[in-house]
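Pasting the structures here.
Two complexes are shown next, each including subunit A; its partner changes from subunit B in the first to subunit C in the second.
Showing the complex of A and B:
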């Protein structure tokens, strides 16, 4: 997993979940982050789509409930495009 | 500075209690990056700074048939950076009809300053959207009538329960009509049916003051229906708009929010070389600069067309350029490709001086605040310099390619107006005459000679429908000579006007140079023996010509004739109305009450007279009583 991608994901997630970047780890998820509710989840998805200029499919969104899942889906998607 | 460094800098400044510095960096961050994540960051930091910044509170209700939650932080961040502290309240999903119709609903309880009604075609007219092919001509007309009737009922109910502004999204077209290419030839057309509803919406809006149509159909078409929508998100979470387009919808909302809140540019100051034409006049000469109908000059003509449109909208054009004046003036006057002529520009600063100083001078010359200026320059260094040295000026970020200059101007929400008065259309002409008056002032020996030579005639009229839009406009945008700065919608003024206690007067000024139009408003309320001036304001272009004294003499006389013994009025201090501070004391009023910076003044009508200056001819178009 590229650390550069993780840092970008971390920065975006920190803004939207209203945490500082170093509070976000690969394990952060809707289960263990209090601010990560369904509205923030939609905001996260849209922010990634906006930031990386892509559209995510429903199956992909289903796997994006934690930072690790988000990062690996984005990585696949970006490599596929590149 | 990159985005994460800027974030850290903002937090450092907040920690150090440097609110102004933090706000500057926040504006910088938002300017560089309009992303959703930045919007969340910006909103949370602006909320911390809120008490220390001078923000305009504004409440917006959004009545909707689809998911708009992700748009809220983007909209609020954009509003914050424009000095507006926006509270957004969303209606329950698809509950817009109940909320509008029920007078006890939370919509009216919130008392918003404005409401947006955003309903999609497929939600309000599912038959026209999904089942069009199965409908006959009669059924289509019945559907059109039903939808039009619903909008009509909603607008009436809304007006019954609320006086605030209502912005209605019109209906978008499907990307591909149900009948395919037949739709354009068929007698019963899906496209035509939706257009019919949109036409009816225009009529409904024109029949109610403070009701506006947002052309959602045109917005979707501008970016392309297929690109605009994201079918996946629509089916999953009822969000029809693709992530890439969220900011485009926000910008469309801002085009209403800016004129509603008065955060607009009154003048646009443009650079010349590589902005109004391609190349540098001082080096390339008249024959060398790029300006004409063909490429590469065409892009610059397009920009000039966009500026001409603003000119006709009443926005003042001015020039600020580093150039030799003779070279630049020759091009402005004589180049055949110029669509703009020297007479379109009310002020010009063509010199080698600092642009921020030139902008300050232009604002002073036009008698408007620096925060009413917009600045257009192809040079990013000049832009950055203005952003740092004069952060109140709105700096337009020009794209790198001249072909996109015109669009950048046309898209800008600061140039939007909700209505155009005759005064707006003639604004620049008025300023030209103002310059002639200034010249006269310099050539007449005494002040009184100057007043006399102006040959001023003022006409005061009671409220009527024809002046209502202009009166409301003046209460909303006059900042300097405004004693109370109370803002009123047309609806509110009309209701005041129909009450026997209240009077609303408009003031028109003519002089030897022409008609200034309606330039003043007074609203008074009489109770027992006291007449209180609720509002008294005048456009700055007639200030300093004793018109204000004539207006006050009329108000005093009118109040006396109606049995008042006292004329009172508050002076409510704002950051901008210092020019009106001494108005009451200069006219013999006494202080009755002091409340912080605000003062209540009183004039005893039985003992004191306010005389109309002898050089002003005053005419009242109503019944003096």
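Showing the complex of A and C:
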């Protein structure tokens, strides 16, 4: 997993979840981050789509409930898009 | 395991029951539980019908993690009849278990993929999660204005819940009712606002809609930017004889000019209406120029029956003016209309056209809670 990608994900997630970047880890998830509700989840998805210029499928969205899953899906998509 | 959106089939009923049980344990009110039958009680899909509902579930292995309903109906829009789909009752396990926070987005994106021309209606206010999600997705939202008219001011002032939000307001309302000042204020508002009805009008109670209502639909539909099909067949499906709907037709010199569907319901400790006898003007149709006589007719009809309070939600400016000229006051509305991007493109510019849409409590999931 690219550390550069993780840093970009961390920055966006911190902004939307109203946390400092160092509070975001690969294990951060909707279960252990209090501010991560369904509306913020959508805002995360939209922010990643805008930042990386891609469209996430509905099936991918439910695998994005933690930072590790998000980074992994984004990495696959970015590699696939070349 | 990945969650898949699929049509609700009979074999998933036990999983929906288990889902509802988890929602109930998490404190979710029964009205937000998903139906425990895969065949809708209201508007099932029947041969030849253009108005029907389909249920969809978010399935995670053998478990159900969410569901939503699509109501299919023709609308007159951009010069032709075309299906526009109502997205409703989206329920997600995310409301009780944050591990499923993504299910709501997944369902909404899936619904948009199935049917880009979507709308949502009601939703309880702009601050609720669904309108916030729709706004984030670039949908266009507006409130469908709410109007009310009190016929028995003393009872209205005692019962109406929004006036009782603070002790001082409760005291004021109680005092006004006791002294009769409330009645005087209401009568004054009524006298100032209520225009005189036309003498040549006939208001008749009808048991069902008929062919003359098809003619009216044909005449009226082009006068609204967006209006759901209100032909005779659709109306008799939406407002069947065996339910408690009251229907009137308004004619001028023998020619039908409009109709209204109403409810007359005795409330019992209702969170908004206390124990008032509530009259609701649920649905209606006429040319915009004839909205006033229809609203006058409906208001008088309900008053004669003895309702304490009459309410209506109407999006179109002509119908709002008609209600105001019948003595109604406007209050804050939690009844929100939201148009998907694909639908909003046909309504552009939305800010200017939102009061030319024809939406009321007959749209969406119908006159629930009235």
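Points to keep in mind about this one:
The rule we apply is simple: the second predicted complex is superposed on the first by the 82 of 82 C-alpha atoms of A that agree within 3 Å, B and C clash if a C-alpha of one lies under 4 Å from a C-alpha of the other, contacts with A are read in each partner's own complex, and residues count from 1 in each chain.
By our rule, a contact is a pair of C-beta atoms (placed from the backbone, for glycine too) under 8 Å apart; a residue touches a chain by one contact, two chains touch by 3 or more.
Computed from a predicted model, the values in this text were never measured in an experiment.
Contacts of A:11 after superposition on the shared chain: subunit B is touched, whereas subunit C is not. Using the contact criterion defined above for the overlaid structures, shared-chain residue A:49 touches subunit B, although it does not reach subunit C.
Applying the stated contact rule after C-alpha superposition, one finds that A:63 touches subunit C and leaves subunit B untouched.
Residue contacts after overlaying the shared chain place A:37 against subunit C, while subunit B stays out of touching range. Annotation: subunit A residues 39, 42-43, 45-46, 57-58, 61 touch subunit B in one complex and subunit C in the other.
If you check the complex, the residues on subunit C that touch subunit A are 2-5, 58, 92, 94-95, 98-110, 113, 129, 132-133, 136-137.
Looking at the complex, you find that subunit A touches subunit C at residues 29-31, 36-43, 45-46, 57-59, 61-65.
If you check the complex, the residues on subunit B that touch subunit A are 3-4, 35-38, 40-41, 44, 67, 69-70, 73, 230, 232, 236-237, 239, 242-244, 246. Interface residues of subunit A facing subunit B in the complex, by the touch rule stated above, are 11-12, 15-16, 18, 21, 39, 42-43, 45-47, 49-51, 53, 55-58, 61.
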